[in-house]
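Each structure below is given as structure tokens.
Next come two complexes, and both contain subunit A; in the first it sits with subunit B, in the second with subunit C.
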Partner chain A sequence: MSDDLPSTYDVIILGTGMVESIVAAAVARTGKKVLHLDPNTYYGQLWATLSLDSFELWAKTGTSNTKTLKGEDSFKSLSDKALKYYETQDERDCISDLTFNWNIVEDIPESEEEPKEENASGNEYSIKKIRDVSRKFNIDLAPKLLFAKGPMVEILIKSQVSKYVEFLNVNNILIYIDDAIERVPCSKSDVFSSKSVNVVDKRLLMKVLTSIQSYTEESPFFQEYENKTFLDYLKANLPEKFANFILYSIAAGDQNTPCLEGVQKAKKFLSCLGYYGNSPFLWPLYGSSELLQGFCRQCAVFSGIYCLNREVEAIAVEGDKYYGCASNGILLQSEHLVVSNSLLPQQFRGTGPSVKRAVLITDKSIFPEGKEGVSLLQYPTDDSAATILELSGNTCSVPKGLFIVQIVGNCLEEAIKNLFSEGGDDSKPKILYSLRFTLHQMECTGKLPENIHACPGPDFATDFDAEIRKAEEIFKKICPEEEFFAPLPPEPEPPSDEPDSPEEATNDA
Partner chain B sequence: MEEDVLTTLKILIIGESGVGKSSLLLRFTEDSFNPDQSLTIGVDFKTKKLSIDGNTVRLAIWDTAGQERFRTLTPSYYRDAQGAILVYDVTSQATFSKLETWLSELDTYSTKSNIVKMVVGNKIDKAGREISREEGMKFARRHATLFIESSAKTKDGVQCAFEELVQKIIQTPGLWESTNGGKTFQVSDGPAEPSSCGGWQCTI
Partner chain C sequence: MHGKAKVNTTLEEKEKKKKERDLKMKAYRLSMNKIFHKRKNGEYDEEAMELISDVLVSNPDIYTLWNIRKEILLTFKDKSHDDLACILSNEMHLTEICLRENPKSYAAWYHRLWLLDNMPYPDLEKELFLCTKYLKLDERNFHCWDYRRAVVARLQVAPSEELDYTTVKIEENFSNYSSWHYRSKLLPSVFPDPSGLRPVDEPSHLKELELVQAACFTDPSDSSSWFYLRWLLGRPTTNLGAVQAFLTNGKIVCVFSRCVCLPQPWIPYEKSRIIWTRPLHDEESEDEISFTIEYGQGLVENITIDRGKVWSVRPAFDPTVSPALMSVLCSTLDSSNQLLDLEPESKWTLLTSIVLMQAIDKKLYKSKILERLDLLIKYDQCRKNYYNDIRSKFIMEEALEELDMASEEVILSRLSLTSLHHTHYLAFASVIDLSNNNLKRSLQLLSVLINCKELILDANALETLEGFPALPSLKKLSLCGNNLASSETIIPFLKNNRMLQELNLEGNKLSPSQVESIKKELGLCEK
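Now for the complex of A and B:
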């Protein structure tokens, strides 16, 4: 790669994950000179959205850490200063136990492709046929949803990155209960119109949802449950089925969720209804990484320099301060370094909690009677819950007629066994392809120089709230005087056109 | 959207750094030209209405925002574009040779298979031409794209380039009609209260 990269910056950002990309846009807007690098050929690291080809390649290279440490001496010639070099690590260490397989034939010879087989589910697909439309897949490594009134939506609007992203509603909120999938009535109108809830239960459900919605810190209503679980409260006021609806689907909790925490989470869900249709969640068309790409684009509009497929081999430290990055035989210098936890040198990186994940390609919806689009299913078991996200063709993440299913949770095997078929059972969606892995969160364990800012990779929450908080925290350390995504001054009016032409020029669509 | 506007079209401008992409964009949308390169930094996209054959369309013309420099345009940049302008500098063989790569990048990332492409040879006002008009035309013919030569400095060919591109887009069936049934939306400063009784704040 040509090295006409300037050598000094205000901020170097290593990794194009979600937090890193938000920070990139935020600091570039204040006029800081930013260099944003990523060792991969694509944006997003473990937050990436990949075509099927790239996804399969990602799976194949799997957990193999390709990094070989060079030893500190190999960097000594880069500078006359007394610098200590810490070699970066590979984000692949975040993935373990990765397996994948195709559950359909490699290819269908022309002659066999007769229409008579049409009703035999799954039979019309072959690996070749699906790979031929690889570009129609946009598979997320870390799919997450946006609360309609949550911090991500707020920042998208404030930053105007919103103009780069289109959304769909998550239009089916579902729960697996008593061996069946049911729609969860979320809004008042849902509860009223629900045919599966009788009048008495409707009244109880209404009462509980209304008191959750009107909860405030001073509200005495839940005080008697202070040391009890949310489930205790729900069960005391509702039939068990509806208690589970609220606990798992609305509060995204489990048996151990304390009452107040459950109330707060449920309230947040309820207060997000009605802004963009009858759903509290939004899903980005083409996948989650559209968001981080939008932030990266904004950083570039504010003169940030982008370079993918570019590794930083080592981080140089002078005394107790970060000094620069050794990359491709040169030393790039900056005041601050923002870096993914996953790339941190071994002296500073530790392994945190982990969760099981699966990605399936299926031939049918888990809830065919629902609306086409995005479905969110909570699958509670005795000791934990799995969260299942299903995307259909109109999300632009999968060709029409097929489905992408994303599953998170340590009990995912049970969910897969009960909801999908490997063949034979035509009543369930058939798994055409599956990939499973364990995702580990990396943590910063050592004491970093204060001008290095480490960013977490994907956590296991369904929303981006924690990422926004972290990005703001890092921004405040780099730009203590500035407001996070302060509004931009309005574009100066373009010179007016000749009066007879129907032309205009503005910068917002 | 105003009634007289048929649709909004997304147009991309790609090609090597320094060939004059941002300059063409600013010449077309604002009729301005600045010989100082640094002033074209900070361009995101510009919109402009254009009337062709009695149809008025709004163009949203997207600049690369400099991300082409190390070939790091985001896939999202290419999404849903109906037209692409591939620019080279007629005084630089290297920028012409790179067009092949830009075409393949476009084929990889554009989400519409029938996207209309136009090859533009820019800076014809400048001395030291390395690529003849015939060579440019031959390349365009081989790749079945439109072709024009231009100068963002003198305005030559600029208006024409956009008009021909838009005309071809409008004539291409299935290219610009809405595909998602209007179910997608952007987030914006909406009402402070939920708009429908889907929410819990409103009283029934």
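Now for the complex of A and C:
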């Protein structure tokens, strides 16, 4: 099988993470010959979206790094050239402290006539019942939202990858404050119709929202807060509750966020309202990995070759230049190598910041009075914060009646304790299944040959700004003359056998 | 292609566009000629229909063509039911295409409505559904709101359902006159006020005020919600009733609070139906007259006039307000004041607070009202005349309420009036002093001064007497210190004041000889 692959390429891409996949599509569009490999059987690595079975399997394999290094000598036979071989690492090193457990019975003995029903109510769920619909789950390892006017949306449109993906609005922008969940009024119509905001506060809130929206570098509004925090500015202009709304939910900041940074982040949020409905965010149906698979698909349309479940054991370097990849007993050669940080050889890989994550399956929404769909809840505490994303049945990520909850942030245990129940308390959503782990970002620490391009794994930001920036940067190094996702020339009309209709024919004459 | 500079496209494009336009024009002229020719010959056929629709699709506003279409359609009445249904449904489709070309085409919208009334079985449910869909795409197209109302009337949709719909639309975007307006039409029929004092019953009134206040605070610069608030707070019409009655020149004069219709022998004075007169009956003595007036809906008034005196009712321009409404007004004023602390220059808030203060207690708030009117004039210079007129009305109402109605002499000088209001309360007065104001216009309103013998308009800003009425009793008119500058601005308007004996024009921009000739022409020679 290995021998079926051609041996030379313009670009070999190792790992199907977000940045790698965007680069794959961008490069392939310029006509370069691309080989895209992934050691896993699925797309996306730590960006993957998995069915429940695959997700459980992923959790079971846990943090065990199964990689055994073979030693450099084992590759010497691949080429006559004087090459130095660096063995790749396992992405599993990015995960630690992984625990998971089911909080419901293994199986409920089937009653006589009761047929299987998906929408069984709360306490009737069993592990078996849920596993039976494993394929209705699409669980993200690194869920991210798209700003309606953000760079990801722009690239999706420009590249036309958008036609492979469908989206939902994030309907409920929520905040946990004073021991309760509240809807955050973001737009003019929200402020107007929000019953929890009295008329004077409506004005104050609108005033702050409009001055943030009209902020430019020259605007004098915020100058006196230049060396103060965003919270200082907000508190000076709003009751504390609404100051928190804006700080944590709209600006996604914290108590130390400097004023100008907060204003810019809030402005970005606000300027995304109204493009695709009354929400600044979009969420891809079937999960985040749909995006990177869309880019991979486009790469394939432009003759990129895809090979999953295919490992590259070592990266071969000749002098100070990358030469090729040792894979399955052959040497695949290319001008450039694009590689995920998580797979980098140990000489080049270091561990960066980390964050706690949790994935829950629950039986009820955290905000039942909200609209069905996607909810984003900010959970601020005094010294840190958690971001909670809840998906309901119409996102195609979870069977109807159940919910997937994604939590990021170091205070997630507190959030879980306050928002969910492990059983007993019927007022809160019950946790049926939970998984917790710590996600470490891998960094490229050593000096790589300049034709190797390392790609970061998932960061902890909301949107894909950093990923798009990085992908463009890598693209520019590989194709310095080309525009990033230049519009395609119009497709030639499909040749038609029939002559033009007589009417048109006369017009042309 | 990418990386290639654009060259000469503008010139080429221009040329190309012009050619295209010429071609279009030619085709258009040709079609129009054909259509008119066919109509002349009475050729009301499919071909004519096709010619017309071809033109309409790109020019949906030619209502002549829509009308010719209607003529032709009416000749199709004899066709089989199925044929006709098919034709009419195509016709509906045509209006759809045209509305896509111009969503605000009056003619296309009207044609669609006409079709509904001329179709054997119009699918009104579908039309309502389409309206909802359309208003989702463009919630402020008032044509579609109009059409919706027409469809709703034919379908007899419950007003409460439509009211709910406007609530949804307002919550989506309250900057929407059409939606608020529709609400103001629906509410009174869904929640009529048994007392007749408010536009809607009390609970709904309070709820509406809360809703519209939320909008006002969210965006004080959006006028649509303020207009709606004004409608909600709007002063109910003054109670109808006689306000003055007196004798003059052997006639009974009766003045009403507003226009009224009286049976014979009452005759309306001038054209306004606010003052009515009737000759004394033979048996009536001028010493003491008692009479009864009946005016519409069983209203009856018994009036007694003593010799040489006036029967009168003290003017009241502000209706009594129920305690519940009063508390709403007060809390609205409170929040308006809070809003003004935040937005001191918000004109809608200033204006509304003035309306509220007038309704609550205009005497108490007098200085605040005047102060805020000054602010409005300062912040909104373009409408300063409007604000000045509001001030004049406010001041005049106050002055009239203070006035001794039995007095023959009325002094309304030094009040900075720019306009006149409620002048019918001055009908009995024989000497009226309006000097030292800023009057420029609204002289027509003097026409009710049926008893006025001496009128003083000194030191105003009159540039012309245009609109000055013919006053039956006027003997002395003083116009000193105005800006009158020529005889053309005076003579034509005083000619019909046949009783006039004295005219003072000092201190105008007129030479002594001009003054002389004016007086001469009017037949007023110095005695």
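In this section, the second predicted complex is superposed on the first by the 482 of 509 C-alpha atoms of A that agree within 3 Å, B and C clash if a C-alpha of one lies under 4 Å from a C-alpha of the other, contacts with A are read in each partner's own complex, and residues count from 1 in each chain.
Everything that follows uses one rule, which is that contacts are C-beta pairs under 8 Å (C-beta built on N, C-alpha and C of every residue); 3 or more make two chains touch, one makes a residue touch a chain.
Remember, predicted model here, so these are calculated numbers, not experimental data.
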Looking at the overlay, what does A:P487 touch: subunit B (first), subunit C (second), both, or neither? second
So in the superposed three-chain picture, is A:K417 touching just subunit B, just subunit C, both, or none of them (first/second/both/neither)? neither
If we overlay the two complexes on their shared chain A, which of subunit B and subunit C does A:S193 touch? Say first, second, both or neither. second
One more residue to check, A:R469. First (subunit B), second (subunit C), both or neither? neither
After superposition on the shared chain, which partner residues are touched by A:K128: those of subunit B (first), subunit C (second), both, or neither? neither
Touching A:I305 in the superposition: subunit B (first), subunit C (second), both, neither? first
A:C296 in the overlay: touching subunit B, subunit C, both, or neither? Say first, second, both or neither. first
Where does A:R203 make contact in the superposed view: on subunit B (first), on subunit C (second), on both, or on neither? second
Per residue count on subunit A, the busier partner among subunit B and subunit C is B
Tell me the contact category for A:K76 with respect to subunit B and subunit C: first, second, both or neither. neither
Overlap of subunit C and subunit B interfaces on subunit A (superposed complexes): 188-189
Using the touch rule from the top, collect the residues of subunit C that touch subunit A in their complex. 1-2, 171-174, 213-220, 335, 338-339, 342-343
Which of the residues in subunit B end up touching subunit A in this complex? 8, 29-32, 41-51, 56, 58, 60, 65-67, 69-72, 74-77, 79, 108, 111, 180-181, 183-191, 194-202, 204
Interfacial residue positions of subunit A with respect to subunit B in the complex: 1, 43, 135, 153, 156-157, 162-169, 187-189, 209-210, 213, 270-271, 273-278, 282, 285-286, 290, 293-294, 296-297, 300-303, 305-308, 310, 373, 394, 396, 494-495, 497, 502-509
Complex interface listing, subunit A residues touching subunit C: 188-189, 191-193, 199-200, 202-204, 206-207, 483, 486-487, 489
